[in-house]
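These are the structures in question, set out in turn.
The following pair of complexes shares a single chain, chain A, combined with chain B in the former and chain C in the latter.
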Partner chain A sequence: MEKEWKKQQPDGTITVRTCGWSPPGDHPVGCGMKLHIKDGKLVKVEGDPEHPISQGRLCVRCLTLPEYVHHPQRIIYPMKRVGKRGEDKWQRISWDEAMDIICDKIRHYTDNYGAESIIVFGGTGREACLYYYPLAFSSIGTPNCCYPLSGWSCYGPRCSITDYILGAGYPEIDFAGYYPDRYDNPNYKLPEYIVIWGKNPLMSNPDGFYGHSIIDMMKRGTKIICVDPRIHWLGTRAEHVLQLRPGTDTALALGLLNVIINEDLYDHEFVEKWTYGFEELKERVQEYPPEKVAEITWVPKEQIIEVARIIGTAKPCPIQWGLAVDENPNGVQLGHAILALIAITGNLDVPGGITIGPPAALMGKWRMETRSQLPDELWAKRIGAEEWPALSTAMATTHPDETLDTLETGKPYKLRMGWFNSTNFISATCSAQPDRWYRALQSLEFNVVQDTFMTPTAMAFADIFLPLPTFAEHDGVVLTHFGRNAIFMGAMNKAFEVGECKSDIEVCIELGKRLHPEHWPWDTAEEFFNDQLKPEFGFDFNDLREKGVFQPPYEYKKYEKGLLRFDGEPGFNTVTGMVELCSTLFEAWGEDPLPYYQEPHYSPYSTPELFKEYPFILTTGARAFTSFHSEHRQVPSLREITPDPIVEINPEAAEKLGIKDGDWVYLENMFGKCKQKVKLTKTINPKVVHASHGWWYPEKPAEEPSLFGVWESNINTLIPHKHIGKLGFGAPFKCLICKVYKAED
Partner chain B sequence: MTKEEFLKLDDAGKLSFLNSEAATKDFAQISAEIGMTKAELGKIGFYYVGNKFLLKPMKGYGTTERSGNEYKDRFK
Partner chain C sequence: MSQYGLLIDYEYCTGCHSCEVSCKNEKKLGRGVYGIKLAEIGPFEITPGNWEWNYIPSPTKLCDLCADRIEKGEKPACVLHCLGLAMDYGPVEELAKKMAAKGKKMVMFVP
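Here is the complex of A and B:
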């Protein structure tokens, strides 16, 4: 890429090259773009054709960024509340005043009740995931950092399962992202097939995986298999769609293993040399013959067998896993079974297969290391750590469901102060039963919210509002998979300023310097990045700006070369040194060491009587091009494309209920109800509905009780708290039941 | 061996001590002997499975000690 990253154009416009990695403003993938600034304002965003991954392509969120950054409702100065909570009464204050108030409160709670009485809440999938841990551990000094989604049901389960079973960083399909010449690199092999399991990467572009790469590979000949209850765009172009009953994925994975093992389609050499527990797994999968799995999953037996044969014989055939693994109480077993499928078919860490990050994450691990600045006695007070040893070994957070219990009961101690790091989780984003969280959070005495707009969560709880910049207004480092599989790194460059916004790392440094200066030797974000980059890569932040993108070299078959284990021996960094098809850790934690299928808590089979009243299977959480979870609802062009929350219903089912396309309906179950607009589509089974998440209405009244209409279309009110797996992961966002009826109001 | 003495051993030493004890004693006896519970041992990476002790190389976040999976530990 060209060295010059900032250019003055003849008409006075300044063009800044950047990588858009993170909300606010975009979305966590790292696409390359050029930002055009005129008179201090962002006037245009265009794709950067030199960026080796996105190659000039951008989606509508980044293209409409000028509407976001200069939106009249954006909050660009620190504010303090001058009315009661829930009233829209605020006063602009300086950063100094805000920091003085906040530091006084932190000192007060720490001195009188212990630092554990303070809790930091973080949102999903953004750069802040690197910073809300150190904000808690290192700037504030509390052990309680919480991602509030029940069962930690997003990304964390996949990372944890990989840690337990492979002892490695995040497993991502090989899309030649490590190579400047991409698919033409001689070390690379194009996948013959890709299995996309419970994921829609074109819309989700998850954590550094550039979704459009799937299309690049399809153009070169890769074939696709989708496993999904919905037939999405990629599904319509796939060789096979296994359109399964939501929540039965683990049975399907075990059925595929059954065929692959019984038909002797597995990689004997890999299994013998590098796996532990194959015989036990072989015995277990005998319980899942294709006929039985077909009955459970609603996927025809013949299709299960055919797809199993493809996975067993196509070379390479990576499986890309998605939220289907996370948002399911049986998801740990699903993740285990998918990793077993990848491993025994010889697709692990081979060209065009599944790449795995080193166990030692790049740069990103700094965020977890900051916990060592806390004393052990304080760390032991982390909420839910004792009760959920598996989760608290792999995640440095509190247990989300235990945290809600603590807020409700005051046990084992009362939480008094909250810091909401750009998370709007009383909307239908990262919480189950957000109405319950809303009531429980009332008990907090003092709250700080960092965000870009006034959200329902900020309106309900903020005492101090700190304005965040979008990704285009601050410096940062794109770190795919948060360093757990750093396919590429990119420079996020500050191109302009709006108001007085401060980025996450700037706030960490400023607060840290006041409260714990010994942990914060850096004066600026750039100094901090230099210190993170230089020892590992030999270049500093300015060098990264000039490179634009850095693609670290990748080694395949690390397990053969002693590159996974800390002792330098061949093998995996697990308890047995092998891929654990039978998990020693699960057994130690009281869980079945082998994958097994468990029927969803509520389903036509587990609760047949309830299913008569609530005769649809409810799944939720699929992404849209026009929003990032609850973000972007106020951006006019995006809202014009997606004006309403959509529930997808099969026309056959809708007809029986007298429901037409475009009708507003209520979705209701034992836990709650909400209203969404019907889209009729044959791409979903007549017994299944899919509802949208993340909806609130910035145009509706801000004050309580409306809170921007946050309760109207809030699908998460139908998802129960603490319906999670034995190890503490996975909530039933993808496998509940509900009824649907026309909204007459 | 006291808890203090046990904790002073390095990982290999701890593992070999635990497994030499496991040859003749059950978990409850070993746990009482060193004064550490199953949860405490788990936090420092030791798990008792099928009558023997195993060590998780990536110890994770059970304690404030470095977990072993920091970049600099791996590539030192």
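Here is the complex of A and C:
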């Protein structure tokens, strides 16, 4: 890429090259773009054709960035609440005053109740994901950092399963992202098939995977198999869609393994040399013959067999696992079975197969080290750590469901101060039973919220609001897959300023310098990034700006070369040194060491009586192009495209209920209800409905009880608390039951 | 001088709306006014498991094929930002050849 990243144009406009990462946008996808700044205002965003991954392409979320950045409702100065909580009464204050108030409070709670009485809540996917852990451990000094989603049901389960089964960084499809010349690189091989399981990467760009690279590969000849209860657009271009009953994925995976093993379609050499527990797995999958799996999953037996044969014989045939693995109490077993499928078919760490990161994350050293800055006695107080070792070993957080229990009961101790970083979790995002969280969180005495807009969560809880800049307004580094299998690292360049916003790392530094100066030697973000980059890569932040992006070289078959283990021996970084088809750790934690199927907690078969009253299977959470979870609802051009929360219903089912396309309906079950707008579509099974998440209405009244209408369409109120798997992971966001009726109001 | 047009590969147009929005940005169009607008056909099932579901963006009379950008040697805004890389710009003769070479789900617009 061109060296010059900032240019003055003849008409006085300044053009700054940068890479994107929410806020706003999405996961660390890091698309390349040029920001055009005139008189201190962002006037236009344009794709950067030089960027090796996005190649000029931009989605509507970045194309509408000026509307977000200069939105009249954006909060761009530190604010102090001057009314009661839930009243829209604020006073602008200086950063100094905000920091003084916050530090006094932190010292007060630390001295009187212990630092563990302070808890940091973090949201999903934003840049904050790299910094809210250090914010908790290193700047504030509390062991309690919480991702509040029941069962940690997003990314955490998949990362943890990978740690335990493969001992490696996040598994991702090889889309030639490591190579500047991409698909033409001689080391690369195009996947013959890609299996996309419980995911719609075109819209979600999950974890930094560039979703439309699927299209790039299809044009070159890759065929697609989707596993999804909905036939989405990509499904109509797929060779197969295994349209399964929501929540039965693990049975399907075991059925596929059954066929592949019994028909001897697996890679014998890989299995013998690099796996542990194959015989046990072979025995287990005998319990899942295709006819039985067809009955459980509603996928025809012939299709299961046909797809299993494809997965067993196509080379390469990567499987991309989605959020459906996490949002399921049986999800650990699903993830385990999918990794087994990938491994025994010889698709692990080979060109065009599934790539895996080394066990240490890119730029992850400092983040890891901040954990050890806490004394052991304090670390041991982390909520839920002792009760849920499988979760707390891999994740440096509290257990989310235990955290809600702690807030409600004051046990094992009372939480007093909350810090909400980039999370709006009383909207239908990162929590089950958000109404219950909302009530429980009232017990916190003092709260800080960092965000870009006054969200329902901020309106309800903030005592101090600290404004975050968008990615266009600060310096940073975007790492795809959060560094766990980074395709590239990109420079985020500050192009202009709006108000007085401070980035996550700037707030960490400023707060850290006041409270724990020994851990915070840096004065600026740039100094901090220089120190992160220089020892690991030999270049500093300014060099990265000039490079635009840096693609670290990739090695295939790391397990043969001793590149996966800290001791440099060949093999995988697991207890046995092998891919654990039978898990030693799961067994040690009291779980079955082999994958098994468990019927969803609520379903036509497990709760037939309830199902009579709530006769639809409810699945949730599919993404749209126009928003990143609860972000972007206030952007006019995006709301014009997606004005309302949509529930998808099959016309046959709707007709029986007298429901028409465009009607507003209530979705209701034992736990809660909400209102969404009907879209009739035959792409969904008549027994299933799909509802959207992340809805709130920035145009509705801010104050309590409305809180921007956050309760009106809040699908997560229908999701129960603590219906999680044995190891503490997975919640039924995608496999519940509900009824549907027309909203007359 | 040859006539120019826009070529759409609607096998791979994913309905992302980037063409619509980038055109609005380029042409500074207000709400409800479009230089190019996406149409949706389907989804409907032809035979079991065989679905038809297409997005096709059609340029309106506000589309001048990004004359200013072309003059500067740039691609039209919609073509540059198209997530599916499903749009192409060029002389109609060349585009027609590309249509024929691909042989399915292609449409050309001369706005």
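Here, the second predicted complex is superposed on the first by the 740 of 745 C-alpha atoms of A that agree within 3 Å, B and C clash if a C-alpha of one lies under 4 Å from a C-alpha of the other, contacts with A are read in each partner's own complex, and residues count from 1 in each chain.
Note that in this section contacts are C-beta pairs under 8 Å (C-beta built on N, C-alpha and C of every residue); 3 or more make two chains touch, one makes a residue touch a chain.
All values reported here derive from a predicted model rather than from experimental measurement.
Asker: Just chain B (first), just chain C (second), both, or neither: which does A:Thr393 touch?
Answerer: Touch partner of A:Thr393: chain B, not chain C.
Asker: Report for A:Val307: first if it touches chain B alone, second if chain C alone, otherwise both or neither.
Answerer: neither
Asker: Examine A:Trp233 and indicate which partner it touches, taking first as chain B and second as chain C; both and neither are also allowed.
Answerer: A:Trp233 sits against chain C, while chain B stays out of touch.
Asker: In the overlay, answer first, second, both or neither for which of chain B and chain C A:Val60 touches.
Answerer: second
Asker: Once the shared chain is lined up, is A:Val549 touching chain B (first), chain C (second), both, or neither of them?
Answerer: A:Val549 contacts neither chain B nor chain C.
Asker: Touching A:Thr574 in the superposition: chain B (first), chain C (second), both, neither?
Answerer: Touch status of A:Thr574: first partner only.
Asker: Under the definition above, what is the set of chain B residues touching chain A in their complex?
Answerer: 39, 42-43, 47-50, 54-75
Asker: If we count contacts the way the header does, which residues on chain A are in touch with chain C in the complex?
Answerer: 44-47, 49, 55-60, 63-64, 202, 211-212, 215-216, 218-219, 231, 233-237, 241, 625-626, 636-637, 640-641, 681-683
Asker: Report the residues of chain C in contact with chain A in the complex, numbered from low to high.
Answerer: 11-12, 14-18, 20-22, 24-25, 31-32, 42-45, 49, 51-53, 55, 75, 77, 80-86
Asker: Within the complex, which stretch of chain A touches chain B?
Answerer: Answer in residue numbers: 163, 167, 358-363, 365, 368-369, 371-376, 379, 385-386, 389, 392-396, 483, 535-536, 565-566, 573-576, 584-585, 587-589.
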